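Two complexes come next, and they have one chain in common, chain A, joined by chain B in the first and chain C in the second.
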Partner chain A sequence: MTDILITLLLIIGAVFGLIGSFGLWKLRQPMQRLHAPTKASTVGVGAVLLASAVHKGTQGQPSWEELLVLIFLFITAPVSALFLAKVHLHKDHAPQDLPQPEGSEWATYKNPDEPR
Partner chain B sequence: MKRILPHPVLSATLLIVWLLLVNDLGLGNILLGLILALTIPLLTRPYWPDSPPIARPFLLIPYILLVTWDIILANIAVAKIILFMAPDRIQSRFITVPLDLKTPEAIALLSATITLTPGTVTADISTDGRALLIHSLHAPDPDAIRDDIKNRYESRLIRIFG
Partner chain C sequence: MIDIALTFAMGGFAAGLLLTMARILRAPTMADRVLALDTMVVNVIALIVLYGIQNDSDLAFDIAVLFALTGFVSTVALAKFLLRGNIIE
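Entry: the complex of A and B
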């Protein structure tokens, strides 16, 4: 019974990892491509980790390390995505192409040496 | 008390994370975890000038469950877009989300939530810290996405951070 559950979770993880990679190939703009790996790194990794936790649980050695992997991944993934997005903003977009914030400007185009 | 334990929540988190990392509840590991939980906040104190102002920390639990559920739903939605939609029909665009949140910790948590939910990525913040620039993979109705972020996540974070 748990074998079926573990297999199912591994298949879900693999399918979402595959869709994420396929999206990386299919999508055209660099900013669109940023969306594909977020799938592999959330549900994809999450399902595989859950499978590992269930497997260890049935072996009589319950483990919380999988939860930690997920937490660290969820803390770090948005940071790397933000930095990739900023690189794309500088390489492929100009400030005037973007919707502007009210009474302000986007921080990444601001020269840090200028006074506010 | 304040001098020995400048950040009690950080200390508790460090102890729990340490025990989860070693995956063992022996006395030695609890002692080592306690030493780490007491010394690391003292050593990193200069980088944490203010304690994070979390008014209702217990509300974080339903928030995490909600975000987890949304991540699963959004994953399926984005999978459909990637698999079945012609590339030239995907309407990607940048959206401005004005912020009502004030503290850096809350804004960081909101932008991480936006990025982790597939289909939207936080790209930038305005210089005055009162708007986020997000990129949406498929946004036929950008206003709906903006309202969704404000009503679903930001309103809850305002309650959590108070």
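Entry: the complex of A and C
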């Protein structure tokens, strides 16, 4: 029974990891490319780490280290994605080319020294 | 059954590594390369964990934790450098 569970988790992880990297190669725009690796870093690695945790449990030595890696990846992936999106906005776009948000402006283009 | 699935998963993540490598070699901007390197770190973490399952090794998870830490810090440092031309201001 646990064998089937581990196998399923491994196959799900492999498919999603491959989809994430394939999307990185396939998508055309830099901002679209930010979207692809989220699959690899959440479901892909997550399923593999869960499979490893279940496998350790069947060996009679359950451990929580896999969940540690999982939580760390889930916390840090959005932070690095935010930084890369900011790099794209500041390096490849001008503020006047972007759609204007209603009633405000893009916070990332504001001068940080200016009082709100 | 697990052995076949392990081989399949390793093949999938190895193919993912090749695709990220191709993206690093043919990227229009520097930020794309940083993103591809970040994805590469994720794929390598998965490969290390798969190796740990295959060989029943406890060491693999410590390596995976270290890889996750250095991967995140290096991604943020590179992005910060591209944004500001400086890392610690």
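Rule of thumb we're sticking to: the second predicted complex is superposed on the first by the 110 of 116 C-alpha atoms of A that agree within 3 Å, B and C clash if a C-alpha of one lies under 4 Å from a C-alpha of the other, contacts with A are read in each partner's own complex, and residues count from 1 in each chain.
Keep this in mind: a contact is a pair of C-beta atoms (placed from the backbone, for glycine too) under 8 Å apart; a residue touches a chain by one contact, two chains touch by 3 or more.
Keep in mind the model is a prediction, meaning the values are calculated, not measured.
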Point to revise | Touched partner set for A:34, first chain B, second chain C, both or neither | key: both
Practice item. Check the residue A:48 against both partner chains and state whether it touches chain B (first), chain C (second), both, or neither. Key: second
Check your understanding: Which partner does A:92 reach: the first (chain B), the second (chain C), both, or neither?
Key -> second
Check your understanding: What is the contact status of A:74 with respect to chain B (first) and chain C (second): first, second, both, or neither?
Key -> first
Exercise for review: Look at A:103 in the shared chain and tell me whether it touches chain B only, chain C only, both, or neither; answer first, second, both or neither.
Suggested key: first
Check your understanding: When the two structures are overlaid on chain A, which partner does A:64 contact: first (chain B), second (chain C), both, or neither?
Key -> first
Exercise for review: Would you sort A:11 into first (chain B), second (chain C), both or neither based on which partner it touches?
Suggested key: second
Point to revise | Those residues of chain A which chain B touches in one complex and chain C touches in the other | key: 22, 34, 36, 63, 65, 68, 86, 88
Practice item. Would you tell me which residues of chain A are touching chain B in their complex? Key: 16, 19, 22-23, 26-29, 31-32, 34-36, 38-39, 42-43, 63-65, 67-68, 74-75, 77-78, 81-82, 85-86, 88-89, 98-108, 110, 116
Review point. Along chain B, where are the residues that touch chain A in the complex?
Key: 17, 20-21, 23, 71-72, 75, 78-79, 82-83, 87, 90, 92, 94-96, 98, 111-112, 115-116, 118-128, 130-131, 133, 135, 137
Exercise for review: Sort out for me which residues of chain A touch chain C in the complex.
Suggested key: 3-4, 6-7, 10-11, 13-15, 17-18, 20-22, 24-25, 30, 33-34, 36-37, 40-41, 44-45, 48-49, 51-52, 55, 59, 63, 65-66, 68-69, 72-73, 76, 79-80, 83-84, 86-88, 90-92
**Study point:** chain A partner contacts - residues on chain C that touch it in the complex
**Key:** 1-2, 4-6, 8-13, 15-17, 19-20, 22-23, 28-32, 34-36, 38-39, 42-43, 45-46, 49-50, 52-53, 56, 58, 61-62, 64-65, 68-69, 72, 75-76, 79-80, 82-83
